[in-house]
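Going in written order, the chains are labelled A, B, C and D, and every chain counts its residues from 1.
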């Protein structure tokens, strides 16, 4: 078993520097690598390009990096729910590349799986396809989209082991699995680091080969963005 | 009387058929789930990675790890599954989802839709909408017929940046049910108490009126 | 819950006919849809095109269809271990398209996921790439390979439920998941059909949306091709 | 004396480094696992969908659902995982596997390899070999230096249909360890008791001999 365990978030983030490109898992605030993000805030890196489906909220997730103006460019599919983001974007301080969510997922997976590019129908005929190569297959039009290139991927899993194997919970899975192995170095933080051999080999979502470093996160706030409930009928 | 959001959701719910996998967008579409007939089997997919969504959780039973694409806490029904974003869009792009219901800012008579950006003002992003409209064979748009200023959102050509081209088949608004045809918007139904004349006034795009237009039953 | 359960293999195979294209899961004899294959033999369909990593052995798996000359064309990556196959191929009775194993997997996944084609480096510069479009990305050459088109996919899972959800065991997973939803109709046979709601939603390998029909197989021989063991030290 | 298959496997085992994920082909490469130093951590991947392979099972403990790419029954070690064929080749194509060891019928001095087809005679297929050689940065070929008729399999140009072009970096045969360089096969080591002259005779491709050629230690 090849040991990927590192002591803490500090050790896990060795080698990060200004102007790097990062992938960050999560959908909204669900399944985001909280500990890694907080460490990036602490390290006060600048000029970052962040590939992440969303950009957090004003005071949580990637919003924290935005507030300190650490991010130069965001590559996302949806960036609502964040006033500071909107301000920086509309003022031109922040470079934003909005791309379809499925394209975002598949450009990550292409990097993970060694594909240089993919053809997707998403965005054909819209400004997303402007300047991009398009092509017809079987009477339908597709846009050529390239694999991402990133320095680090930061993902968050539910459980993991020192071999780097990961299991995700519920919809906190989202982009995390497709970002594993899609950057030069993949850092996984987990809620629970379990002994090697306790995870069922049939039930591992991401085999450790896609993960370079793994650590147990210290705390997880797991903030809920839209708490919606129904009343119990009496 | 023009329909409210619930009325639109109720009318769209009638389009949902037994055995359908359905993707619901944020806003009015989310409400549709509440009004689907309970004698048919339908499964709701959300692009953030869940199939088999149930109702909102009871107070105190929310789980931060179980949300829908609108970031709302949800529950799952027996037979549900969770998966990653790549597999989620395999379902969408691969045409495994039978019906997509989403909102729009504008729709044009050739089936174009705009719903993700107002240049210089608002840019929330397209989320999964571009993937959905590019691949779904069966798209219903839920929207208000006009904007707050009373201007039509049912247009000859969209003025906003597009989300997809030539993809919308059916539109349910607060005033009418419309079908997108080669020749323009074919008026299928009127909202209760709304006249054909009312709809004509609220529609900038080409409106096709053939014979008597029935009132919706909701 | 949308019910995909059918009573038996006979009902599951409704609609199959001569000259169709089938995908069949399995690697060697591991994880093959035994019940569906046996039924295809019984139905005595002719002129079939079979997409399957291997072609069975002389008296088991797809070898049974070969023996009855039901197969017109095989699309596979490896076809050793089958004398009758080799005979039919070398004599020209059987049309064989050999493609790299990763290409086979990804052409299935492309069909499942709505991609028209993919670029893979596998086979570049070899006869596999002859007549195919090639292209350079970042200094490396790739071959354009198209998504498969198939009428039926026959897969075999370990456990499944009436919603069509599937779980695979060990290396019997192999090509089965990537073929689900990659044909017009996907037929899943399972060793054990469990009540809906008993499978953990976090641990489902293939969600039911990719499966049109599911049934519990009557018997599974699960033959071992190369039994290799070590002796217990005494 | 020329090495036997086990000797070749033992020599290749010395190329395996701590922390490597290794894909072993069928035949001699499979034997390599038995001779890797036990003070380093290595994980073996098999393209049919397993990472963390262990030894063969004890008699009576075979599981038909747990095999390697050679269809042999295997076991797994703690930390192992199973996955589908698409993910398996994501590991391979995505360069996550550190070392690929495979057999060959022929290798040419520009690094081409042929190992899947003898036209008109034998066509077993390439299995995963074309994917492996097209993407692996570190490939070692395990093979006999000559065929049964005594003809060299280390050639100027391959005569058989290729599996991959310009991809082989190192070759371990029953006679020698060779490195593929711009100028030809560089002789790195001799098998015990085998002379440079023996190797010259058995090599059709350009052989580069610089200085004293050490004998292998196994």
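The criterion applied here is as follows: a contact is a pair of C-beta atoms (placed from the backbone, for glycine too) under 8 Å apart; a residue touches a chain by one contact, two chains touch by 3 or more.
Protein names from UniProt, one per chain: A, B, C, D = Succinyl-CoA--3-ketoacid-CoA transferase.
As the structure is a computational prediction, the values presented were derived from the model and not from experiment.
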Partner chains shared by subunit B and subunit D (touch criterion as defined above): A, C
Subunit B and subunit C: spacing of chain centres that average the CA atoms, whole Å: 37
Distance from subunit D to subunit C - Cα centre to Cα centre, in angstrom: 28
CA centroid of subunit A to CA centroid of subunit C, Å: 33
Overlap residues in subunit B, where contacts from two or more other chains coincide: 50, 82-83, 86, 89, 92-93, 135
Per-residue multi-chain contacts in subunit A, two or more chains: 109, 114-115, 120-121, 168-170, 173, 201-202
Interchain pairs in contact, sorted by label: A-B, A-C, A-D, B-C, C-D
Touch list for subunit A against partner subunit D, complex: 1-3, 109, 111-115, 161-163, 165, 181, 196-197, 201-202, 204, 207-210
Residues of subunit C touching subunit D in the complex: 27-31, 53, 76-81, 86, 89-90, 96, 98-106, 108-109, 120-128, 158, 168-178, 205, 222-232
Residues on subunit C engaged by subunit A in the complex (per definition of touch): 114-121, 137-138, 140, 142, 146, 167-170, 173, 201-203
Complex interface listing, subunit B residues touching subunit C: 19-21, 41-43, 45, 50-52, 76-83, 86-87, 89-97, 135
Residues on subunit B engaged by subunit A in the complex (per definition of touch): 46-50, 55-74, 82-86, 88-89, 92-93, 112, 116-117, 120, 122-131, 134-135, 161-166
